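The following pair of complexes shares a single chain, chain A, combined with chain B in the former and chain C in the latter.
Right, the complex of A and B next:
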């Protein structure tokens, strides 16, 4: 009796979580899958009552999404953009975290806040702000540097710059807090062994930081795969960003501009699957090193 | 065993929670949400209507109505304009909670009709049909027997230009597009930093108006099928004309409505803007420094002696198919767009160019920004008489989106503009085919 009773209690405690999960995650996902298998069919002119109905088309929308060349070139663009953002943003975050953690830095508190502050600026505001700095006749940068920031090749770098500017602070903070949690005696021991600050950073701090670095990388991969705000906000200012620049922009276009909710649902499921593969793939590759698991 | 029972009880509780959440929705119908009073004290109570619009100061105009009509209270919900507003309305209609009244741009109305989101107001609007020109009325009927909205404003296109700089450079106001091209070259010679104008790859509405002026018919209905003619001869002519000017460098290629564009207008580096009658509002807020320096003229023509124009923008007031108080909504929409007092307020407060024919000729003082041109409204009325439009199709969203992508690319790579027009045609036809619309070949 006692044993089976205990078996039931956990479910009771889990009820709120399960309810919320079902309502706000499982049901919407299920609905998206359901939508992705439909399509509207109109007859004749498509005007007036009853001229439009929903038909079940099975996996047709998925097949169409996977066969869409525009979606895959979107992935390529995002991959290039993502590699750039990931490398620069995480590199800078690590560098800043290590610098702030080293004993000799001055004005640490101020610098930490200054680096973190851009993260508090909403993405749209940050992109508009940078957008103004990119526009030829408004930008003070353009007065000294003659580069077309919104050109066909440069626009990716310009967007990556916005993402890096906004993202370094958060990632730095994650790494920095992990660093502060490391017992100081480790450094003392390293110093007694004759290690320089640089050697301590590379041989002691970075290995201990590895799990945190992996965590920030996974978050950043997910964030860059879903890039939407920067290109969408910059689009009205430049004629180099198409409405399908990133996969998520294509979903938005299908759902709200061209009114095809069903294709949008199918494409968003494809995107979710790909980001899942990317993040778990990355985790799998690094798991051994990071967590010593088999 | 007990565990199983508990599990079952849990499942029941969960289902109950879910069910109660689900059943909560039907009671939260638009009727209940929008007119609580109506459900409480039966038909006598006041009807409450929501109205989505982006016209400035509409709340003040609605206040006047609300004061005189205690039975029909209208609440304005201010929207962002443009294509986003149309998408929002379609989404709300699909979700089952649209507003009772919506401001519908003419080009988006067919999408609303195809989505079965707006009501047929044929009976309610029979007495006011004569208040509008046939061309505008066609935009809300699509040439069918039904009436899907009441025209509110219209946007006949005109040429706005910097009179002071035209005089300084000795440029006469171009009467034909050929003269416009020559004037563009003159400007480049006189001031290498300035342009006569710019081609915006972000504004399909402007291009549509220019194509209409040339006689384009992008969509038409014949019998039970649609005919799509976006890549017709007139549109290709317009596209290639601008394409050549952009390629040559005689015309700039910056999009409209950007901070960059504002600055160019303010600094006198853009000397003209083929725009619609609502341009004074835009110029006064985006280029305040140039007040009094702009003048207006009819659009340049394709053949000397003609007086055609097209439409950029303009909208109607439509009633949701889902609205529980359609009659009241139609009554308000009729008042708003045909009552002289209401139109007076629309002109004064919302700065629109009214669709009602009588109101167009009754406009008096020129907009403040054009104070130097007292005959502004007379010019507008003359241009309006020669403006021609066409029936919009049920998937303008696709067409306009393809315009932006295709012309962005054409401007960027300096490739053929008529190829971009062909891309619009192909995308539009493919989308209609996929949805199952009957197409005439």
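Right, the complex of A and C next:
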């Protein structure tokens, strides 16, 4: 990139992306913020023309969302669920990536493909498969293990299992790809110094992997904060999952079942804000990782 | 998947003894990941009677009946779901790849006022959770009378910030500046350079972007779930959900649901196994070699 600008061409080439960004990202976000600051005001009995008006209420809806007990219990559930999913999923992904990268395993290709396979299974289908595997009448697991997987406390673990199953392969692949890009000489030097495979993994590989681990963690946090598909799909099979189990399910219910768009908009902004706060580190990683080239 | 395999790797692999524990751990992981898929493969072969009576791991005799019954379900609505999914995932991923490749190329190979601002803005989109978008997108589509249409599911999924990010990395590594300069000296215009020089060089990266987008749209549940009311426009994910919601309390329908689940994952698994070498997450490493 020694030469500068080629007139209008770069802008022309970027027009589709910018148009789509405006229509499907910027405008909807603006519209959500606008909706979040309104509320329906009912005067009199709420009958007749003009009895229901939209009024500007500023941050009232946000205050209501932050004070909503139902939402808080949703946050607590998702916090517990998310911590479990993140720890187990990323822990296993890291373990598998390191094992695959160490030169000492058999069947590496087969196991790598097998572990990545669930990535090709849609969340709905994954939840459905596991959901049936949790049912006493069908489950081969229940023959061995006498646990009610869909009970009030166990259902969180059961759901976390679905998310771990679906996500471990993709995260493993991200970490494994990063590991393969490291020059092998680095390990040879460590080996000559007498380091064991385990020491190399802990002292050399994990530090190099750190940016990739942060990246996968942040992506997983964003996904987990808005968990929706798994609890929604599991609901028909279990009566222990409420319609407001996760914050996003509450948003859906507010918007499409009870018809309170304004609360739904405010709550979705709160969810987004929490994701954004957690994502600050991510932007730094992206910059350091690939765009030093300027 | 990573296909980097140098002579050094092979030497390293051959030189040391095989570790039993690491291999066993990986096999356990593979077993865990394959188990539900194998189970549904077997369960879908069972007739409703066999499903509850025969041993879990023995094949049944009802597979063809199940498939026939599924295709007959509500006048063949399953076919529609499959067709819709193909349209959303195929069309969406194709458009998305084209937009990402051109944008990535432009951001990597041109220097112009506002470039960094535009890039940061587009990339910031990665951080916007689907939840803030889905509801207003629905309302805005309703206003122009397009909610509950194919467009409402197709259009919002074309812009994919992460793909633009990947395309930019790939373009930076795969397209030599000297080639573009040579083209310019030969009098080629910018459009021609983009379409005839840059895009062909980006094809391997574009296949990867296409695959990831295809899977993402195929697997998407929230957007079509919110946008669509008419089940003739549902993709498989939403269709399967309605099938489950209708049949969860009727064990007689379980074989239908299981067969539907199996048929909806088979195409993706096939795509996945046949396109092995394109499944990689780091586009900068594959490009320059």
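Basically, the second predicted complex is superposed on the first by the 247 of 294 C-alpha atoms of A that agree within 3 Å, B and C clash if a C-alpha of one lies under 4 Å from a C-alpha of the other, contacts with A are read in each partner's own complex, and residues count from 1 in each chain.
What we mean here is this: a residue touches a chain if its C-beta (ideal position, glycine included) is under 8 Å from a C-beta of that chain, and two chains touch if they have at least 3 such contacts.
A quick note: this is a predicted structure, and the numbers were derived from the prediction, not measured.
Within the superposed three-chain model, A:11 lies in touch with chain B and with chain C [touch as defined at top].
When both complexes are overlaid on chain A, the residue A:120 reaches chain C alone and has no touch with chain B.
By the touch criterion stated above, A:132 is placed in contact with chain B and with chain C alike.
In the superposition on chain A, contact of A:256 is made with both chain B and chain C. Between chain B and chain C, it is C that contacts the larger number of residues in chain A. Contacts of A:204 after superposition on the shared chain: neither chain B nor chain C is touched. By the touch criterion defined above, A:190 lies against neither chain B nor chain C after alignment on the C-alpha atoms of chain A.
In the superposed pair of complexes, A:240 makes contact with chain B only, with no contact to chain C. Contacts of A:21 after superposition on the shared chain: chain C is touched, whereas chain B is not. Contacts of A:229 after superposition: chain C is touched, whereas chain B is not reached.
Shared contact residues of chain A, touching chain B in one structure and chain C in the other: 1, 4-5, 11, 18, 23, 132, 137-138, 236-237, 256, 261. Touching chain B in their complex are the following residues of chain A: 1, 4-5, 7-8, 11-12, 15, 18-19, 22-23, 40-49, 51-52, 132, 135-138, 152, 236-237, 239-244, 253, 256-261.
Listed in rising order, the residues of chain A touching chain C in the complex are 1-6, 9-11, 13-14, 16-18, 20-21, 23-25, 27-29, 31-32, 35, 92, 95-96, 99-100, 102-108, 110-126, 128-133, 137-138, 140, 143, 165, 168-169, 173-174, 176-178, 180-181, 184-185, 187, 197, 222, 225-226, 228-229, 232-233, 236-237, 248, 251-252, 255-256, 261, 264-265, 268-269, 271-272, 275-276, 279, 282-283, 286, 290, 293.
On chain C, the positions that touch chain A within their shared complex are 1-2, 4, 6, 8-9, 12-13, 15-19, 22-23, 25-27, 29-34, 36-37, 39-40, 43, 51-52, 56-57, 99-100, 102-103, 105-113, 115, 118, 121-123, 125, 127-133, 135-137, 139-140, 155-156, 158-159, 164-165, 169, 172, 177, 181, 190-191, 194, 215, 218-219, 221-222, 225-226, 236-238, 240-241, 244-245, 248-249, 251, 254, 257-258, 261, 264-265, 268-269, 271-273, 276, 279-282, 284-285. Those residues of chain B lying in contact with chain A across their complex are 1-3, 6-7, 10, 13-14, 17-18, 21, 83-84, 87, 90-91, 94, 110-111, 113-116, 142, 144, 146, 201-202, 221, 224-226, 253, 255, 257-260, 263-264, 267, 394-395, 397-398, 401, 404-405, 407-409, 411-412, 431, 435-438.
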